[in-house]
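Read through the structures below before going on.
Next, two complexes with chain A in common: one pairs it with chain B, the other with chain C.
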Partner chain A sequence: MSFLAEAKDLRAYYITRSYGVERTVKAIDDISIQIKEGEILSIAGESGCGKSTLLKVLLGAIDPPLRIVGGTMQYRFGEDYYDVLSMSVDDLKKKRWSQISYIPQGSMHVLNPVRKIGNTFHDFIVTHRDLDKQETGKMARNYLGRLGLSAEVMNVYPHQLSGGMRQRVTIALATVLSPKLVLADEPTTALDVLVQRGVVQLLKEVQQREGSTLVLVSHDMGVHANLADRIAILYAGKLVEIAKTERIFNSPTHPYTQYLIESLPRLDDKSDRTSIPGRPPTLENPPKGCRFHPRCPHALEVCGQKVPPLTDLGNGHQTACFLVSEVDNSEPG
Partner chain B sequence: MNLLKSYLLPRIAQWVITVFIGITVTFIIPRLIPGDPVERTLSSLGSLQTLDPRAVESLKEALADLYGLDGTQFDQYINFWKRLFKGDLGPSLSAFPTPVIEIIAKGLPWTVGLLTTSTLISWSLGIALGTLAGYSPKRLWWQIVDKAFISIYPIPHYILALILVMVFSYYFPIFPLVGGASGKPTLSWTYISSIFEHSLLPATSLIVLSTAFRFIMAKALTTTVAGSDYVGYAETAGLSKWRIVLFYVIQNTMLPQVTDLGLSLGAVFSGALIIEIVFSYPGIGYSLYMGVFQADFNLILGITIFSIVGIATAALIVDLSYPLLDPRVRYK
Partner chain C sequence: MNPGKARATSNSSMLLDIESLTKIFNLRQGLATTQLIAVDQANFSLKSDQPEIFALAGESGSGKTTVARMILGLTEPTSGRLRYRGKDITQLSRREKKSWYFREVQPIFQNPFATFSPLKRIETYLFETAVNYQIVDKCQLQPYVDQVLSSVGLSLAEISGRYPNELSGGQAQRVSVARALITNPTLLIADEPVSMVDASLRMSIVNLFRELRDQKGVSVLYITHDLATAYYAADRIAVMLRGWIIESGPVEKVLGNPLHPYTQDLKKSIPTPNPDKKWGDLISLEGFDSEALTNVGCKYASRCAEATDMCRQQTPESVEKDGRQVKCFLYEAT
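After this line comes the complex of A and B, so read on.
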């Protein structure tokens, strides 16, 4: 399968300077990841591990204080390759919506409160398509209809819609131009469980109907289990494990992933869930070697000295842990 | 129908009550001032001793009748409303027997013309510049404009007016010093251009300072809106800058801006006192000044009524326009 977006050895830091003191938050530190055409890739991890930053970089929305310090980032649409990091902001914006789209975190507030939904659709469509108001209206209504949403929403203001409805409208707004790649940042956060289910189904439907690729960031493992083809686990700005969904849930190899999966409630097991000992490290000054080693119960001596490389376990399952890779052959981090 | 009952009627009732209380208070206050306007007029006439006491008495009655001061205070109040509904504001005391309404009618077009134009210009200019400056605060050009307006803003407008008069009417006599126009009021170009010529300096002093105020206000409002999620999302989607500024930024700052515009336009009827005095502009602000100076109660009362009705009506219109500007304000 060919890739749609690819990051190689990507480093993206938040660099701020105030009163002459420079602070660097290493939100993404040496991550390589390929997004395959037509898949649903989920990115999981706890708050502050770099999930949303990775999504921003994938979107090409790199605004200060976020800066790319190293690595490459490419899109491939058809036969054309685009180097995201050297593209101008205007060129990137032209690719948005028609090729790459974005469903933001907290969609409750992304719709202009004083503009009718129909006008907002018009604004977004007309930016990328040369159509008049009637045509954009028709296009939006048809698309809403295909997603099972009433065309009535075109004539209302955002505040007249419920939270779940607003999220659905935002998903429709983001995908109305049939983009190849859809990036969704916590699309179900702040919704109640029932509405979450509807939104998850809608996302899946859009992805299947349009044959698009979906990259989903969430800290809700239930959402991942429901949607994802592959899951990438991030820890403290690093990719620690990536595999097909069943493998992540059934045979996780990285100790962090194991903790994550074990923390999920199970029907047949009523015992208390244990949390991972310790706290996540600050991204300003992460631990040397494997970033998880201070909290890892299986930590070896080498874990504190070298960064474990991403090792291929076959079947697309990759893990960055010395417990699975052979320590002797590992390259020095 | 429901809309009329639950939204329109209470607001119109509120307007009626506001105007009623305002005019009543304006009626009472001059009557609390010690001294009798009739006596004051008589004493200003001088040598009454030489007159027949009966003649003085009938003169008093005639004056009291003319001033609307006969009968008890309550009778006066009722009569005052009766006359008011007929559009009679009584005679001017300083320019007796000219009716107050005539003096106001003479001054009002000048004031309304000058203030409405300058308010509309400074409002649009302030919002346009302030929004752009607030939306791209890092541009050097907007930072310069910002600093300029912040330095201009604290200047009192009469100081600016005096400077303009001195520079452009005295040292370099480009613009006329006094009045609203020259020549006979006709529809000729010379007359109309003389109106412009006369109003340019007063309008400039009004526009410069209120643009500065509105610039600062628009910039502050824009800063909040520009950081909102919906503007950020529109930017991510690549919407053009003018579309974002127009429909995403300005439209969301309209509520306070329209309130400001409405109340400023309502305040037009109270005149621009100091500016009109500095430029001897023949508007109602100037008339009010003369009225205060000569203790012309009827004239003061008349102008105050206009200003009360003007501001109350503006507030009503602003209130009624809210749901059109922001759909979240419902007709309740």
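After this line comes the complex of A and C, so read on.
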């Protein structure tokens, strides 16, 4: 199977020291994940489970206090392999936007407020292509047109655009150089329902036309259901389940995923929904063994002692739960 | 018996009655003044004999928070009537507000970590509220607070001595609900109470509102942009669009079978957590950006697929149709 990016046994911690007190937040603890070429991979999980950190590592944006403590992280573009963790900053900068790009959450804070959109496009393009101002303008206008945005946005400042429009401009900026890998961090979170749908459709359209790979982080399971090919569920810095979208929604095996899917309110159903008992653990001092075991109704004795390994259930479905790996044929969950 | 219920029978049958409520903000930029109509002729009411969860839904900037602020007396309405148990809220004196109104109506805000000061122990808020409103004797304080906390699924032992940052979002929001319940209110104004709470704990807050309604007879004005939880929790809903209430009625009807083109588009665009029910057709965002903030015609005319010239020139009236109120020319004839 050809992959575009691969993380193996990755550990990324936030290590801070103030007044002699060292704090370690284990945002990513032993995660292995492969991103296949041409897919839409969604990363789901609640706030503080490490999903944004995983995206940062995938982007190669590893700045203190974030540190890679262990594991490897590779890109593969064509026949060339790149080790992200040992790449120089200059090499990474060259790859960024042209091969890997990033769509951040708050589009208001991303665009330079004192430069017109057209100039921002120019800045972006000339860093990677040897073009003059007229050519970059033409390229940007053509690209905006293909995304259904009017060329007029080139002449305005970011604050003159609505939230949805800004987010679409940000998507256009991130994809104008046809990158192979697009990473999107909560791209629709602050948007209204109708605009969100438009933005999600735009993301999908760009991904399909360019044949690029999209990694999407969101906490909205509805967005994942609509967009993703595969979904990875993160809990407290660990990958607990990864499978095709249909599998995650129709036959989840990890108790956390089961709860998560079960608790979602649906528009055609008013029957009672319960939320997961307990609270998410802090990443500073996570529970021993399986990190979900204090909240899990099916917890076994072994769950509090050993970390469950990611077990392959076939068809690309992997789960980290002793209920699945210990006893093979019993009813999971 | 619950004192809230006993009081209810003594007064008017309307708990909260809002009639053509309007709020216009004047925005000054240099010498020019522009008017922003945040809430335009809103009408809705809650009955006092029948506790319910009333959802006020809409996108950002539709005026739902402004309605809440006016009910809480934080913003003065420009025109229209706002009555609670038959009394005009805007005319209440400070003393009346403290001795009566705020005992009955209590707010719950969006972000529990912004509601509570990070430097104060969280139980202080519960004790202070009880003392300020003279709810119980000093010696009864501890058991009373503990009893209120137990109704939100917490105990005093669990939270005492802790600061807000030591609690999870769901717990902190529960304390925020408990604080509102200290005065034994009849109506809770909850402004986006679950949007900051993690997905796995969100339903516990929403379920709490359902419990309070069923067991304590508390009505809740549930302000949200999340239509799925609104459908789950609410009995009735009012959908707002740029200051207008464009469709209101029982939630099964309004969201189950919407009549207004905006509500229909909204329903179609809610991402369903079901991969078998993906969005079908593509949505065009063209009208969204060019939308002029005009004060003539229907506010959805620029995006509506069924808009006619009449929609762009005249303001539709709310009409009764199939058990709900709709503000659309499509339904005026009947």
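Criterion: the second predicted complex is superposed on the first by the 322 of 333 C-alpha atoms of A that agree within 3 Å, B and C clash if a C-alpha of one lies under 4 Å from a C-alpha of the other, contacts with A are read in each partner's own complex, and residues count from 1 in each chain.
The working rule: contacts are C-beta pairs under 8 Å (C-beta built on N, C-alpha and C of every residue); 3 or more make two chains touch, one makes a residue touch a chain.
Since we're looking at a predicted model, the values are computed, not measured.
Placing chain B and chain C on a common chain A by superposition gives a fit, with no clash between them.
In the superposition on chain A, A:H219 makes contact with chain C only, not with chain B.
By the document's definition of touching, of the two partners only chain C reaches A:D192; chain B does not. Once chain A of one complex is fitted onto chain A of the other, the partner contacts of A:K36 are absent, as it touches neither chain B nor chain C.
When chain B and chain C are set side by side, the one touching more residues of chain A is C.
Once the two complexes are overlaid on the shared chain, A:R273 sits against chain C while remaining clear of chain B. Legend: residue contacts after superposition of the two complexes on their common chain; A:G164 is shown touching chain C, with no touch to chain B.
Of all C-alpha pairs spanning chain B and chain C in the superposed arrangement, the closest lie 5 Å apart. Of all the residues in chain A, the ones that touch chain C in their complex are 46-47, 148, 161-165, 168, 192-198, 200-201, 219-226, 245-246, 249-250, 259-261, 263-268, 270, 272-276, 279-280. Of all residues in chain B, only 228-230, 232-234, 236-240, 243, 247-248, 251-252, 254, 325-328 touch chain A in the complex they form.
Residues 59, 61, 93-94, 96-97, 102, 104, 106, 109-115, 119, 123-124, 127-128, 157, 159-160 of chain A are the ones touching chain B in the complex. On the side of chain C, the complex with chain A involves touching residues 59-60, 168-171, 198-204, 206-207, 225, 227-229, 231-232, 252, 255-256, 265-267, 269-279, 282-285, 288-289.
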